[in-house]
Amino acid sequence: MTIKVAVVGAAGRMGATVCEAVEAAEDMELTARLDAGDPILSESLGGADVAVEFSVPSASEANTLAILEAGADAVVGTTGWTEESLGRVRETAERLGRSAVIAPNYALSAVLVMSFAEKAAPYFESVEVLEMHHPNKVDAPSGTAISTASRIAKARAEAGVPAGPDATQTDPDGARGARIDGVNVHAVRLRGLNAHEQVMLGNPGEQLVIRQDSFDRSSFMPGVLLAVRSVRGRGGLTWGLDSIMGL
Amino acid sequence: MTIKVAVVGAAGRMGATVCEAVEAAEDMELTARLDAGDPILSESLGGADVAVEFSVPSASEANTLAILEAGADAVVGTTGWTEESLGRVRETAERLGRSAVIAPNYALSAVLVMSFAEKAAPYFESVEVLEMHHPNKVDAPSGTAISTASRIAKARAEAGVPAGPDATQTDPDGARGARIDGVNVHAVRLRGLNAHEQVMLGNPGEQLVIRQDSFDRSSFMPGVLLAVRSVRGRGGLTWGLDSIMGL
Amino acid sequence: MTIKVAVVGAAGRMGATVCEAVEAAEDMELTARLDAGDPILSESLGGADVAVEFSVPSASEANTLAILEAGADAVVGTTGWTEESLGRVRETAERLGRSAVIAPNYALSAVLVMSFAEKAAPYFESVEVLEMHHPNKVDAPSGTAISTASRIAKARAEAGVPAGPDATQTDPDGARGARIDGVNVHAVRLRGLNAHEQVMLGNPGEQLVIRQDSFDRSSFMPGVLLAVRSVRGRGGLTWGLDSIMGL
Amino acid sequence: MTIKVAVVGAAGRMGATVCEAVEAAEDMELTARLDAGDPILSESLGGADVAVEFSVPSASEANTLAILEAGADAVVGTTGWTEESLGRVRETAERLGRSAVIAPNYALSAVLVMSFAEKAAPYFESVEVLEMHHPNKVDAPSGTAISTASRIAKARAEAGVPAGPDATQTDPDGARGARIDGVNVHAVRLRGLNAHEQVMLGNPGEQLVIRQDSFDRSSFMPGVLLAVRSVRGRGGLTWGLDSIMGL
């Protein structure tokens, strides 16, 4: 059974890549490409079962609500959501009997690194996070690394694991990096790289390294398609891909 | 509350390392060191709650049954178990109301790599396994790598994922390595290494790498101590650390 | 002083990327784009100082000779050269007082990995080569890996270093990979990867790993531009970038 | 021809490891083990051709001068040398027609990483250094990492290469690490690790990674033995293993 898919924000770089991925998927049909200014209605979506939304933070909530009102389920990749915005999407989806998936990261490898790091962290004495990006990135560390460190810290706190050992006494230039919730985070910027994250965990005599590489925009497509195939019938709001992936 | 621990096979290299680890653990007391020829009885175990068994395959089943009969729970690290042997340990433990943990690998990082690889494998087009060991190892690939590949293959088959893409037409010298249940496995032998495994998974635009390093024998101790702390009250036989670790 | 550069094979994927790189370089001017069938003459090259040739093996020697005859130096990226073809280019360049650079690989990182591996190999007991590519590649191992292994083997032989230790007795499925001149070579094929090579060297207690990643075609451009800037006045034929890079 | 070797500081951990390595080497004979307080004379050195010195910074210069006066060549692993101390060793060696090798690091892999990083650095837009150590280390970054960054910076300055690109605008917690001579250096501390260094270099579309692992003290032995075999006849002072290794 073919899933009818519309793309909102189809003129953007991510939106255009989603259009290509949907057209290449054997079980999907692209019914509409909408851009800024196009009305979001049942007709303009071409009778889509699911609409994928990649626009800008200032437009994303209104677009998502309109998608649900138009009778489609929503898969949203735009970032910058607040708890309040998410609450309004949840309420609208529940009221209308529709479903929305909103995820901060559609790279399956990134979702898995965070989940695996969280699961492994209570079993190791030491854990540190290294993120590597292209040198045009303006913020350090990356949002994904902050989120990873926070989830690691929470998992260790819940398991009663103490902070990792660190005898550092002199570090005049800050080589030990940032501490996010007690977890050291390091940011590398290198021409040629795109977006990469590595979590290192250590015990006496052993090390566990979990690493992901997003080489380009296409890395988000397997996650977007997975959400499109899974959104139907979930009901209300699903935040992140973890529950869809059984993590 | 202190756990009383006996070690069977205490003169061996692994057994000696276990004795050290038990003595260093604040919540444990070493009650006895037994070697080949020593009778395994309640008295000779020093009233141990748990006996850790690291001997040789030819002695391990008899030792484990004797531990259970002597009124202790068993944590067993010797390899080479058959289904029949495991069945006899399960029956004995259940009949006596005791518990046994038998694991093919006590390195937490190795257990996690296998479990994570299994969970991730259905979400990626490609997956290959690389194991690296010291050059004195006589078999290739390692048992852990074979087990990892089998679990990956099973998880992909159950999820209906096809074999990974591979256009190789000419490979006169076998550079593509072994195929274990359809998963390519590569074995590196290098002076200076001990035991290391790396699983690589690929999708369009992204890669996930899960790697573990066992630098020396001490890498097994966190897993042995975890089993000692968890065996009590589990009942019957627990195979591997996965369920103990909530994997 | 601006270098005038023509591109022969400008309609191909590599050629088109070279055109972009030349246009983006502040010290270069793109004077002509030639394709299959276009005559290669001083006028058609637009008075170029240097012509970059990326065509097909069947055309490359004739193109290169024509470039030299037309009064330009040549930088050639097409593969598949024989000793005889290289000899004719050398003779022609020397006769005309021109220079040609022909390299089997223009990725600087790949050139460096081979050179560094060769320099390091005599100092380590063990060395193995791992190459990783996209799954559409038809041959294994890669030409670069074969070349790397051969150079390693030669350097070790010249230094009187024995073969690396390897106690493998059972390897029923070929996990130990290919042996190229006595050096084990492993080939991984993974969706999402492009072209990557890793050389691992081991001694008691230490490991050296030299790795390069070519994420896409643009990885060849720094090497092509380096050759364009260096070819003038070298005289005759320069094979590979090693001598240009002082390796 | 067997080389007669004495060890000064034989009771220390490094000294004891050197004694084992010398005894295991087929081309060497251990003639004496000297410790703090033992006089260093031709007789007490047992007629050694070469004396290996691993003591403490406060004793090392006096020991080295005494070794040279006693008629042996010196291979020195103690750290903490000043230019003045080195000058006195050089003068003494030259005056007596003897030779001394003093190296800040005898791990061949570490020596090679520094040399290769220096050679590669001018060819890449970006370069960063990552060092990883056991968590008992009191200083960050490591001396080796500082030295590596300095050599990289010097090589780039001499080649006229500008600083690497970095658009970072917000980094409130210092995730970008230390800047040593304009090169970012990151320090990881992880239980289970010993001493590891990784240099990452990036260009458009490509990356070069040079990494070394010192798993334990034995990693210094191949370098010490190389120096023992090479010191004879060099004359004066040789600083570091680079020139011995032809780097």
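Labels A, B, C and D are assigned to the chains in the order they are written; within every chain, residues are numbered from 1.
Just so we're on the same page, contacts are C-beta pairs under 8 Å (C-beta built on N, C-alpha and C of every residue); 3 or more make two chains touch, one makes a residue touch a chain.
As the structure is a prediction and not an experimental result, all values here were calculated from the model.
Enquirer: Note down the smallest number of touching-chain steps it takes to go from chain A to chain D.
Expert: Contact-graph shortest path, chain A to chain D, evaluates to 1.
Enquirer: Report back the single chain whose CA centre is most distant from the CA centre of chain B.
Expert: That would be chain C.
Enquirer: In angstrom, rounded to a whole number, how far apart do the mean CA points of chain B and chain D lie?
Expert: Distance between chain centres: 39 Å.
Enquirer: Could you please state the distance in Å, as a whole number, between where the Cα atoms of chain A are centred and where those of chain B are centred?
Expert: So the centroids are 34 Å from each other.
Enquirer: Which integer distance in Å separates the CA centroid of chain B from that of chain C?
Expert: Centre separation, chain B to chain C: 44 Å.
Enquirer: If you look at chain D, which of its residues touch at least two other chains?
Expert: Residues 124, 192, 201, 203-207, 213, 215, 219.
Enquirer: Once bound in the complex, which stretches of chain D touch chain B?
Expert: Contacts found on chain D: 192, 194, 213, 215, 219.
Enquirer: Under the touch definition given earlier, write down the residues of chain D that touch chain C in their complex.
Expert: Of all residues in chain D, those touching chain C are 107-110, 112-113, 116, 119-120, 123-124, 201, 203-222, 226, 245-247.
Enquirer: Can you check the complex and tell me which residues of chain A touch chain D?
Expert: Going through chain A, the ones touching chain D are 124-128, 130-132, 135-141, 145, 164-180, 184-193, 200-207.
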